[in-house]
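Two complexes come next, and they have one chain in common, chain A, joined by chain B in the first and chain C in the second.
After this line comes the complex of A and B, so read on.
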């Protein structure tokens, strides 16, 4: 099964939703209603399903706003700064995230897919 | 004038059904669920069939943390709220009092423990919630928006009756106007069965499954474990009347005590159980002669029924009120038994019909008025008793309207 399908199934299980209602573009917190305990369960489930180490802070973008502040303090380009710290996300996705910060937690289903695929390659 | 406490909502998940209509019909036609579990053909169980928590809660992501007993608590609470017709905004200040049991399904939760190693990759991050006693309360509070005084009671088979009693006191004494109270439990797993089988408390033997549970019969051989849950909305009487609530009954008295005698067996004379009974009767402001019916604990164990029979005879003498034993219909609901038996008693009272004690052919006490055939009894004042492992005694007095 491809990574996206597995992730949709895991999220559906944890959030008690239908798989068909979980789309790659869905916001995991804002739209699907995940809370911190659900992210904790998701980390455990991803670890078991893909046999990868899951860093909660990285995959769930938990330090995103700290990094944005640090970039501003260091007067460096925020997209480049975030790309170094979140190497599993593509530059255009990071740019989207930066422009979307005011809307609330930016984490999307497709970000989890990016993390898992990156982990599988980079260990 | 002390405050009165009404029961204005009932939710029940039992092996006899999930509604008053199903339950009374099954009591009249003998529709019981006694059967043999797949993993042990020496014991008998009374499962709740066709139960699905999701049909009560809809999508509810905390569902995965609910063990089966907690699921019965949550489902019953949802139904109690629904049946009460209460405006959900009022529940914000309500109390929440749940009697729950331990999750003994160790083998089901950790099916490959080797040399004490429990960890495995598919274990949930918060697996412990399936073992914590207050997970049901937490889920109900989230679901219903409850934020008031609360308590999770773990006093073995007296747990739910004591939870209801404590809620009753909180309302009567003015700490609360509203409370959800009751409990749920299931110990029909391999671990649960093993626990009570080893303790020599279960019926074991061959023969017809529905003949195994026989409270107060001289051939009784131990209890048949059941499961389920029941939750009630308790409400200060004037509060209930003001909002035009349907009042099912009034709780008038509660008593509790602890034997201090043995870890599992009841104190044989039932002296301390009697203390709880007399406290409840006194609080209700009635006399033993005012009791119209007794919903006994009636487990079908040698020791319990013997002690309980002595107690009832001391209390009422030879011409006492009719005695029923609901466990002969649904098995022993463990922590949930008091709530289940209160729910079924209220359904019987509303229908003016009280069921016989099943399988009672040779009573262990000749001067007690055991109900031997289901019949119409106009019973308005109920004495309900539960006695649990650890010498836990809980008693309620309930009056019909």
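After this line comes the complex of A and C, so read on.
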């Protein structure tokens, strides 16, 4: 089963939702209503399902706004700065995230997929 | 303002002894006398939390987040010695999932999946108090000098 399908099933189980309602572009907190406890449960589920190390702060973008502030303070390009700290995200996705910060938590289902796939390659 | 909470219990340590502990497992015992079932579940939660603290080398505050699928036994009260065991199923940098089990006379009486999380110590959960407290407590529970 491909990574996305496994993640959708895990999220559906944790959030008590239908798998069909979980789309790659869905915001996990904003739209699916995940809370911090759900994210932690998701983290251990990903570890079990894919046998990968899971860093909660990275995968759930918990330090995203700190990084954006740091980039501004250092007068560094924010996309490049974030790409160094969140290497599992492609630059176009990071640009989308930066432009979307005012809307609330930016984490999407597809970001979890990116993290898992990146971990599988990079350990 | 100080608040006093009277639990009606003699103490709040519900593991008598820890016999074995490695990176993925922990085993202990607890003897009950007419104890309600929920104290048996509390024993399992404490056992798992000890293991989380052991894994994090007491550098983090550990707490129970959630219990999944924990069936309760049909017996009304817990009596006698129970073997407690925990197996780490999966983990992330700050969350730990365990299958925790309570057995008596070789029979599983109740078991469940327990999810723990860790957080940095802070002004409420003070490192200078809790780190020493739990390190000493775990050392005591592992000691052969600790009586049942």
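Annotations
As a working rule, the second predicted complex is superposed on the first by the 123 of 123 C-alpha atoms of A that agree within 3 Å, B and C clash if a C-alpha of one lies under 4 Å from a C-alpha of the other, contacts with A are read in each partner's own complex, and residues count from 1 in each chain.
Heads up, the rule we're going with is that a contact is a pair of C-beta atoms (placed from the backbone, for glycine too) under 8 Å apart; a residue touches a chain by one contact, two chains touch by 3 or more.
Since this is a predicted model, take the numbers as computed values, not measurements.
In this overlay on chain A, chain B clashes with chain C. Shared-chain residue A:6: touches no atom of chain B or chain C.
By the touch criterion defined above, A:15 reaches chain B but does not reach chain C.
By the touch criterion stated above, A:95 is placed in contact with neither chain B nor chain C. Within the superposed three-chain model, A:83 lies out of touch with both chain B and chain C [touch as defined at top]. After overlaying the two complexes on the shared chain, residue contacts for A:37 are found with chain B and with chain C alike.
In the superposition on chain A, contact is made by A:54 with chain C only, not with chain B.
None of the stretches 110-118, 146-154 or 344-352 of chain B clash with chain C in the superposition except 110-118. 37, 40-41, 43-45, 47-48 are the residues of chain A that lie in the contact sets of both chain B and chain C, per the superposition on chain A. Per the touch definition, chain C reaches chain A in the complex via residues 65-66, 89-97, 115, 117.
Remark: chain A residues 13-17, 33, 37-38, 40-41, 43-45, 47-48 touch chain B in the complex. Those residues of chain A whose C-beta lies close enough to touch chain C in the complex are 37, 40-41, 43-48, 53-57. Those residues of chain B lying in contact with chain A across their complex are 59-61, 63-64, 121-126.
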